[in-house]
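Two complexes follow with subunit A in common, the first pairing it with subunit B and the second with subunit C.
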Partner chain A sequence: MHVVDGVLSAPVLLAGAGATLAGTAVGLRALDHRNLPVTGVLSATFFVASLIHVPIGPSSVHLVLSGLLGLLLGWLAFPAVLVAAALQAVFFGYGGLFVLGVNVANVALPAVLLAAALRPWIWREGPVGTACAFTLGAGSVLATSLLVALSLALSGEAFWLPAKLTVVSHLPVALIEGFLCVGALALVRRVRPGFLAEVWQP
Partner chain B sequence: MALGHSSAAWNGQALSRDGGQLAAFDPRLKLLLAAAFALAVVLVEGSALKAFFVVVGLSLCVAARIPRAKLLRRIAALEGFMVMMVILLPFTVPGPTLFTVGGLHASWTGLFQGIDILLTATAVVCGLMALVGSLPANVLGQTLASLGVPERLVALLMLTVRYLDVVGGEYRRMRNSMRARAFVAGTNRHTWRSVGHLVGMGLLRSIDRAERVTDAMRCRGFDGRYPILYPFRWQPRDSLAATAAMLALTGVVMWSML
Partner chain C sequence: MIWHVPILRGLVACLAFAVSAAWAHNVVGSVFVDGNRLEGAFGFSNGDLAPAGMPVELLAPDGSLVAEAVTDEQGGVVFQVSEARAYRLVADLGQGHVSTVDVVADDIALPQPASETTAEPTAAFAATPVAAAAPLSSETAYVLIDPVALDAAVSRAVAAQVKPLRRELVAMQSATRWSDILGGLGVILGVCGAAALWLARRERAAGGDS
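Then we have the complex of A and B:
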């Protein structure tokens, strides 16, 4: 879901950069020498997860896991996504330089907000917790694809069709992310009961 | 390296690494030039000049000795939907007719706009990889810090790079043990739950590892930033290269706008 340089209009680029700057500033205020290592290791974990591919019919999609990142790191997800996106642009050629702000905001913003909204119920046993986990995984991917579509659509009428196709093509990805999120949180709950809900502090 | 990010691998604090003919220049110069180059590529008008910048970017990659296979793989890394967009543009942008398929009208304007996007994206990525991607990650961190990026963000970047290979190794071990138990990924709920479990276990192990790392780092007096052992030294040839590059880039951009 990386947009490359040369597509988006200047106002969209500026808005994305502004959102990323603000989010990163909030995140950096919470970052100190105690939680730096855990943020770094988790940022690396999500980077590696984005290289995992899950088959979907004859093709495959890679994991995003932004919802889980938002749940574990809160606002620290902004600097973590910024670092991962910058590394991907420089060492892998995904994305670009001036679109960095838009790409980071599109992924981090929905993840942080959705995770904050679902946090009170997500650790409950039974269907409520499962539904929240699914909503977190599927919803953050869906919201990201909507934001990507919005960035494209605001950049010119010619991009309306690609914007719509972006959302449609990410629907199966969102579904898979939802099930993955349910599986991941179920395992965490079983292996370390109460840990993420009560003990964990990023 | 199965994960393919070996060029981002941690090189400790040593500054020696083969960066080709560009290695001699100050990393700060390279980072700023990468940004100036990208700006020039975005600002310049016309497919011919954008193509010229792609050639410049590719030459820089050759000069920086970026392995050719890696370079091609990364240029091809434009994700599916970007390619799809370039294919769709002729049909969504109005203009003189290129051809008509089953009542759909494709325009030259859209085709050129699509080609411009591809050229811009390729040139920016080539410039970034040649000038910034050839730096070892710890030097990149030091460069960013000396250009005013907050130290904690830089420390986060260095920690992330440091643990990419470690976490990647852990993932491969878990994936192998799944394979040893005859797990085959498919399009079904079982796969998604199993990969979900893999992710959950990976997260817990990462959190545990981070706890040990934090303890070990605090033992050694880590206070949120990395000490800089080798300060950069700006040489006359850096000033010369900076002046020449800025003149050339400004010249090309001005010329294209005339």
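Then we have the complex of A and C:
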């Protein structure tokens, strides 16, 4: 999910940085002492998740967990991903500091928007809530891979073929993250029923 | 920026598994200069080699394209250059995974032109009495070794020995270390601590006002 430095054009970099700044600002306004620990833990989880390679066929892909962040953090996913992605760039050499804004926006934006869109139904017990959680987990990953392809396309590269390839190669991760989101939602419901109301309060 | 990034080429040739491999890991590259041969090796940070058929471009300092090639089964590529100047190898493994490796001009040793090479050994050896006294036609069992050829042979032999070490070194340098992971987690913890401090101050300030 990380685009490296020097590939994207300046307008794309600026747009990504702008989106990340705005998202982080919105997220930080919602920050209080109740959701701070969750934000930190999920930021750390996101930071480490990229190291977990899921072997699929001849190759392997790594987890993103953006859907989970969108579900549990809302707009706070932006600062969480920003901190983690900056550290990934510094420590692991994933992406780079110039493209940080684009990478963060590509990961966090679909997750936050999808989570907000599915919010009215994701509460429900039964198949509707489960389907929503799955859509959130899987959809975030696929939307992110499309956004990455779009970022590259806006910088002068072809769109449809890379987009198709990345979506196909991320289908397994999307499936895993879909189930992961369903599991996480079920766990949160059982352990702390009021949690989602706290996260998504205005 | 003197260096421009080339437009993605040859992506049509990408296989889906190659792309997912590129997504999962960092792309690493190294280059070894042997005379005027630039031997690039590209792969992923987990030690996997770059798949065959990936486009690699040789760029001049002004960003102009000097030559193009595709990787072999070993993720390697070889360019023969005719000028001793700085070069940049750009391997495009698709989807924004680009690895660039620079070559400095000093590392490149151009071979002597053909006319000089033939004249050179005799000239060089003529200075030493042994060579001068022992032309090939004489019965003495001296063998005249072309120093240029000897040099090239030694370079090739050393290059062959060093190649796997180089690959290992690159893989090691780019491997994820536990200290990096723990360091990152520590920074996140610190950021959270700072945020908690800021929140506490804000709440205290708000409490003081009311």
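As a working rule, the second predicted complex is superposed on the first by the 167 of 202 C-alpha atoms of A that agree within 3 Å, B and C clash if a C-alpha of one lies under 4 Å from a C-alpha of the other, contacts with A are read in each partner's own complex, and residues count from 1 in each chain.
Methods note: contacts are C-beta pairs under 8 Å (C-beta built on N, C-alpha and C of every residue); 3 or more make two chains touch, one makes a residue touch a chain.
These numbers come from a predicted model, not from an experiment.
Shared-chain residue A:168: touches subunit C; no touch with subunit B. In the superposition on chain A, A:48 makes contact with both subunit B and subunit C.
In the overlay built on the shared chain, the residue A:39 is in contact with subunit B and with subunit C. When the two complexes are overlaid on their common chain A, residue A:31 makes contact with subunit B and with subunit C alike. Judged by the number of subunit A residues each one touches, B leads among subunit B and subunit C. Shared contact residues of subunit A with subunit B and subunit C: 1-4, 6-7, 31-33, 36-37, 39-40, 43-44, 47-48, 51, 56-57, 83-84, 87, 90-94, 152, 157-158, 161-162, 165-166, 169.
Listed in rising order, the residues of subunit C touching subunit A in the complex are 3, 5, 7-8, 11-12, 14, 16-21, 23-24, 26-27, 45-46, 94-98, 100, 174, 176, 180-181, 183-185, 187-189, 191-192, 195-196, 199-200, 203. Residue ranges of subunit A in contact with subunit B, taken from their complex: 1-7, 24, 28, 31-34, 36-45, 47-49, 51-52, 54-57, 63, 65, 68, 72, 79-80, 82-84, 86-87, 89-94, 96-98, 152, 157-162, 165-166, 169, 176, 179-188, 191-192, 195, 200. Contact residues on subunit A toward subunit C in their complex (touch as defined above): 1-4, 6-8, 31-33, 36-37, 39-40, 43-44, 47-48, 51, 53, 56-62, 83-84, 87-88, 90-94, 148-149, 151-152, 156-158, 161-162, 165-166, 168-170. Contact residues on subunit B toward subunit A in their complex (touch as defined above): 3-5, 7-8, 34-35, 38-39, 41-42, 74-75, 77-82, 84-85, 88-89, 91-93, 110, 113, 116-117, 119-121, 124-125, 128-129, 132-133, 140, 150, 152-153, 155-164, 166-168, 171, 185-187, 189, 191-197, 199-204, 206-207, 209-211, 213-214, 217-218, 222-224.
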